[in-house]
Amino acid sequence: MDGVPLTWFLMLSAVLFGLGVAGFVFRRNIITVFMSIELMLNAVNLSFIAFACRLGQVDGQIFAFFVMVVAAAEAAVGLAIILTVFRNRATLQIDELDSLKN
Amino acid sequence: MQHLWLIPLFPLAGFLVNGLMGRRASKAFVNAVAIGTVLLSFLWTLKTLAALAPLETPHLERYFAWIQVGDLRIGYDLALDRLSAVMLLVVTGVGLLIHIYAIGYMGHEGGYYRFFAYMNLFMFFMLTLVLAANFLLLFVGWEGVGLSSYLLIGFYFLRHSATTAGNKAFIVNRIGDFGFSLGILLILVNFGTLEFAEVFSKVAAMPIEVSAGVLTTIALLLLVGATGKSAQIPLYVWLPDAMEGPTPVSALIHAATMVTAGVYMVARSSVLYLHAPLALDCVAWIGVLTAFFAATIGLTQYDIKKVFAYSTISQIGYMFLALGARAFGAGIFHLWSHAFFKALLFLGAGSVIHAVGQQDLRYMGGLRRHAPVTFWTLLCAAAAIAGVPFTSGFFSKDEILLAAHHYSPWMYWVGVVTAAMTAFYVFRAIFLAFFGEFRGEGHPHESPPVMTLPLIALGVLSLVGGFFNVARWLEPEPTLAHHDTALVVVSVAAGLAGIALAGVFYVLRPGLADVVAERLGFLYRLVYNKYFVDEVYQALVVKPLVGGSRDVLWQGMDVEVIDGAVNGVGLRARGLGRVLRLLQSGYIRSYATWVLLGALGALLAMSWAGGGR
Amino acid sequence: MNPYLLMVVKAALVTGALLFTLLYIQWVERKIIAHIQCRLGPYRVGPHGLLQPVADTLKLLFKEDLLPGHVNRFLFLLAPVLAVSLALISISVIPFGPEIEVAGVRTWVQLADLNVGVLFVLAISSLTVYGVVLAGWASNSKYPLLGALRSAAQMVGYELPLGMAVAAPLLVSGSLSLREIVLSQQHYYGGFFPAWNLFRLPAPQVFGFLVFLVAAFAETNRLPFDLPEAENELVAGFHTEYSSLKFASFFMAEYANMITVCSMATVLFLGGWLPLFPAQYGSNYAPALALAAAGALWLYHGLPSAFRRDRWSLPAAGVAALVAAGLFLIPAVQAIFTPLFWFLAKTGLLLFTFIWVRGTLPRLRYDQLMRFTWTFLFPLGVANLMVTGLLVALRA
Amino acid sequence: MAAAIFLIFAFLAVVCGLNVVLRRHPVSSALWLIGVMVSLAVLYALLGAHFLAAAQVIVYAGAIMVLFVIVIMLVNAGAEQRSTASRMAQHAGLPLLAALLGALGYVMWRAAPAGKVAGAAAVGKGTAQDIGRALFTTYLLPFELASILVLIAVVGAVVLAYKEMD
């Protein structure tokens, strides 16, 4: 858009991505962790769309579209997994789900 | 575009349908698919030939690049010329008749669908072999027919002898194929292409001093493959054992089509061989020796299928003799007539076996009355193979012997003696089976029409097949100008003498044969035991090979070195894993941190490499 | 004229009209339900209970605003705000009429025309579920939670057929802008039969309309799909813990949603502000005629009425209607208000259907509700969409 | 005007994003995340991607986040407890995150030194027609694959969650 440098969008995208990473690394609730992933995806989408706008192409938007589709599929399956985990282990603490070690 | 690809495709479709769904399908369905696809192939062959007649120049069809590496392009290309047209007619026509015959012969066997699926698979590979426009595709067909041959020899896989015979055929063929593939590689290295037309034009353009060594090596290596596939000395030992397979298989694969693939291949490479005279001399030697020795063994065998198997080896020896004598057309001519009468001999033998449930000639006899159709058709075939005038075998054998005489007179005389022996052992089998009193048990009976009709068709073809002179068709300008009547008379007389001798030994004076055998003593035992070739091979090749494999390769190489190395690597990996396992904390957040580290690394690597600009 | 000022004026007008409608649609509903059930309905406050909504509003305003101690305070307060604001936003893209000229200013009777207006409405309507869900969850109490869960599943479940039903007329009209969609329905078959998307070739959207209407019932939590607030099993569903103004907000949101979906149905299927028949057959005089008829009826019934109060209130209304009818004969007024009349008539008819259904049909069981959408409504919507797409593609 | 809108909604997005990470209760995080998504939708619209702006709200806020909220309610997730099981994340997380942000900033600073304005040429690229045309021509195969992916996800989710109905 006129007057808004591309870099601003990319900065915002980077900041949101960083927030997502922080959530992923530092949060203990598995659902919140999952939401942090969505936050990262959103941040990346913003980059895609900003580049698409900058280059005057529609391709970046298509990528963002596919990211959304994949995110929807991922959310459906991921949440089903979380529900199953919760049924079996009665916890959402990510650090307690550590039976896949050693 | 004549859509040549359809010809091999039909049997392949039949193989897939029967192989995948045949188990649950009815016999009628399996029959319809198996016969129908071969019939379609046959009809399409006829249509194609009619469209392309008179086929004076080869017809090439390119479909797609199979292998494309640098300049090398090996395509899935099919070609049709007169040589492959003859082969096509033999394969699809005789194949069709044998398929029909098999309905009756295999009617009560288990694995019915499996049998026909394999037969169709064989047809696919054989047609690929015949139609291939380059050496590699030919090799595909070559190996494929070997595979189907192995599968069909071991069809009665519950019989130990059948699986052993299958293995033997496969392994012996492998030796030949090794040479063959080396030959193909040498062609590729020297000419940079595998396409027949290009290779042969480059061969023809090669100066003689360059070509002699290379071409002779190539031709000899190809010949190794041919001897393996076509059961010639020294690799013929698998064919008699291959009679363990069902009789239609023996007729189709081990008499009419597959075993003649070597002849076809040498004829196909005739240009190459003509530029390697030494190799061609080898072909002639191998041919004449095989023809003679196999015929002598055939004299003494009592298993009807073994008799015909040695006869096949001997007859293919004739074909090789023709090829070696530079009479390629004559060789293919004999291939053509041989396909009819030898398929008929096997099918007739199958009918006899079907009638008495027995393969041993000593327990047959007098079947003339019980199985008249079988008798008369077999008689046609026997007449043809014995070279009785104006049957198909007469014309083709005549061509060969003439060429042999032109090439080297002593080979002609060996050929004549072999012809006499051929007539003798074939009629010996006929007389033992059909004359005299029935010596076996049970009630012999004629086969059903579905079996006798193909016999009749092949009988007619055996009698009249020679009037279509394949040799002239393939080589319009005959290499031999003169036609020596005296030589023809001699060979015919030899054949008739063989028949007469057989008649004396087994019809007029039964018992004389045993007396003669006793007189000959050692010689008879030597021939009866097939010159102990199997035993010699066992002692000289198999034993050392197996022993060496066990002690050196298995215990020494495999267990000590390879296993040691593999296990050592495994142990190291486990040791390393014990350390790296500490990373596997089970905490997702730790993993996330590692991912973060990786992402950072990737980012830095990218910006260091100049990305982001 | 300053475009921002114009926008403000338009926004004020639309908001005012909307709030007024919200206030009085409850009165209308109560009256209609009452008459369906052979009652009189509100009658005490004002003539024919006309001041009842005002009284109700005052009552709710002055009731004690309870904030239960066990709730999540932030979300508890956020939920009604979310519900009502989302319900009101969608109205901004609905086109009520064509471009008009008032005192030299040309403008569209629409607050904003987005080129993805339909998607905007869908997006907003997909968010309305949060109001309910958050309310139920923040209440921290079992009935609201159950109501909220039911509501979430129901709204997600019925949003799909709704989306399918919305997509089909888009294909027929070939645009995502609500204004363009209305304009595309402008012609008449044979000179008199309206080419509304409901009837439009090549793919008449009869099934699409039905699917839309049924899904709309569920989306707005109306009977027969008002499971989230089924009073005989869940007390009052998600808003059990709410009182006074916050309760009123949910109430308002529900009616605002109803108005939105009815407007959407009008725009998507019934030709928006376009008249039922073309102007040469006198469609411009239809409003005057209708008002005059209503006025005459009220005068006829009011003058000899049995109730003392009616003897002046009904005739007064009748006279007012007749005056309005007269106003509609003035060309300037006619030009501005006739499209509006048609729009309101169609939307009103649909709203009446909503109320009528509420007065007629019983509530479904929850499993019936879910099975209905997943096994019938959604497949029907998909089939309708595919057939429509096929027909449109064939014509193109 | 555009810059003002950008600044407002970028600020909103960052504030919401911070809250997503900092709030201790999953429901709060989810709601703040919706805030991020809606702000981003506005930014998409600002960039001319109207269709994606709508899709962002419909798909992310209207579908995915509803799922999240419902699941949070179903499992009745409370505020999370602190735990320090992952020493790796505890110690290396923050420095690495800072390094990542620094690297990103560095790359961006190198790539776009100053003043490059997001192109005005883009306006009008991003309507439903443009997206649809690209989706059904150039990206037809990925589109179909995505539909299969979604189908698989539906089946997978049903299979995973089915036990509940026993």
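Going by the order they are written in, the chains are A, B, C and D; count residues from 1 in each one.
By definition in this document, a contact is a pair of C-beta atoms (placed from the backbone, for glycine too) under 8 Å apart; a residue touches a chain by one contact, two chains touch by 3 or more.
The model shown is predicted, which means the values in this text are computed figures rather than measured ones.
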Which of A-D and C-D has more C-beta pairs touching across its chains: A-D
Distance between chain centroids, defined by C-alpha means - chain B, chain C (Å): 85
Distance between the centres, which are taken as Cα means, of chain D and chain A, whole angstrom: 5
CA centroid of chain C to CA centroid of chain D, Å: 33
Cα-centroid distance, chain A relative to chain C, in whole angstrom: 37
Residues of chain D touching at least two other chains: 51, 55, 63, 74, 85-86, 89, 93, 97, 100, 104, 108
In chain C, residues with contacts to at least two other chains: none
Contacts with two or more other chains, residues of chain B listed in rising order: 585, 587-589, 592-593, 596
Graph class of chain-chain contacts, one of line, ring, star, complete, other: other
Pairs of chains in contact (touch as defined earlier), listed by label: A-B, A-D, B-D, C-D
Residue ranges of chain C touching chain D (in the complex, touch as defined): 72, 74-75, 78, 114-116, 119-120, 122-124, 126-127, 129-130, 133-134, 137, 145, 148-149, 152-153, 156, 159, 176
In the complex, chain B residues that touch chain A: 581, 584-589, 592-593, 596
Partner chain B, residues of chain A touching it in the complex: 21, 24-26, 28, 30, 33, 94-95, 97-102
Residue ranges of chain D touching chain B (in the complex, touch as defined): 85-89, 92-93, 96-97, 99-100, 103-104, 106-108, 110-111
Sites on chain A touched by chain D in the complex: 1-12, 14-23, 25-29, 31-32, 34-36, 38-39, 42, 45-46, 49-50, 52-59, 61-62, 64-66, 68-77, 79-84, 86-87, 92-93, 95-96, 98
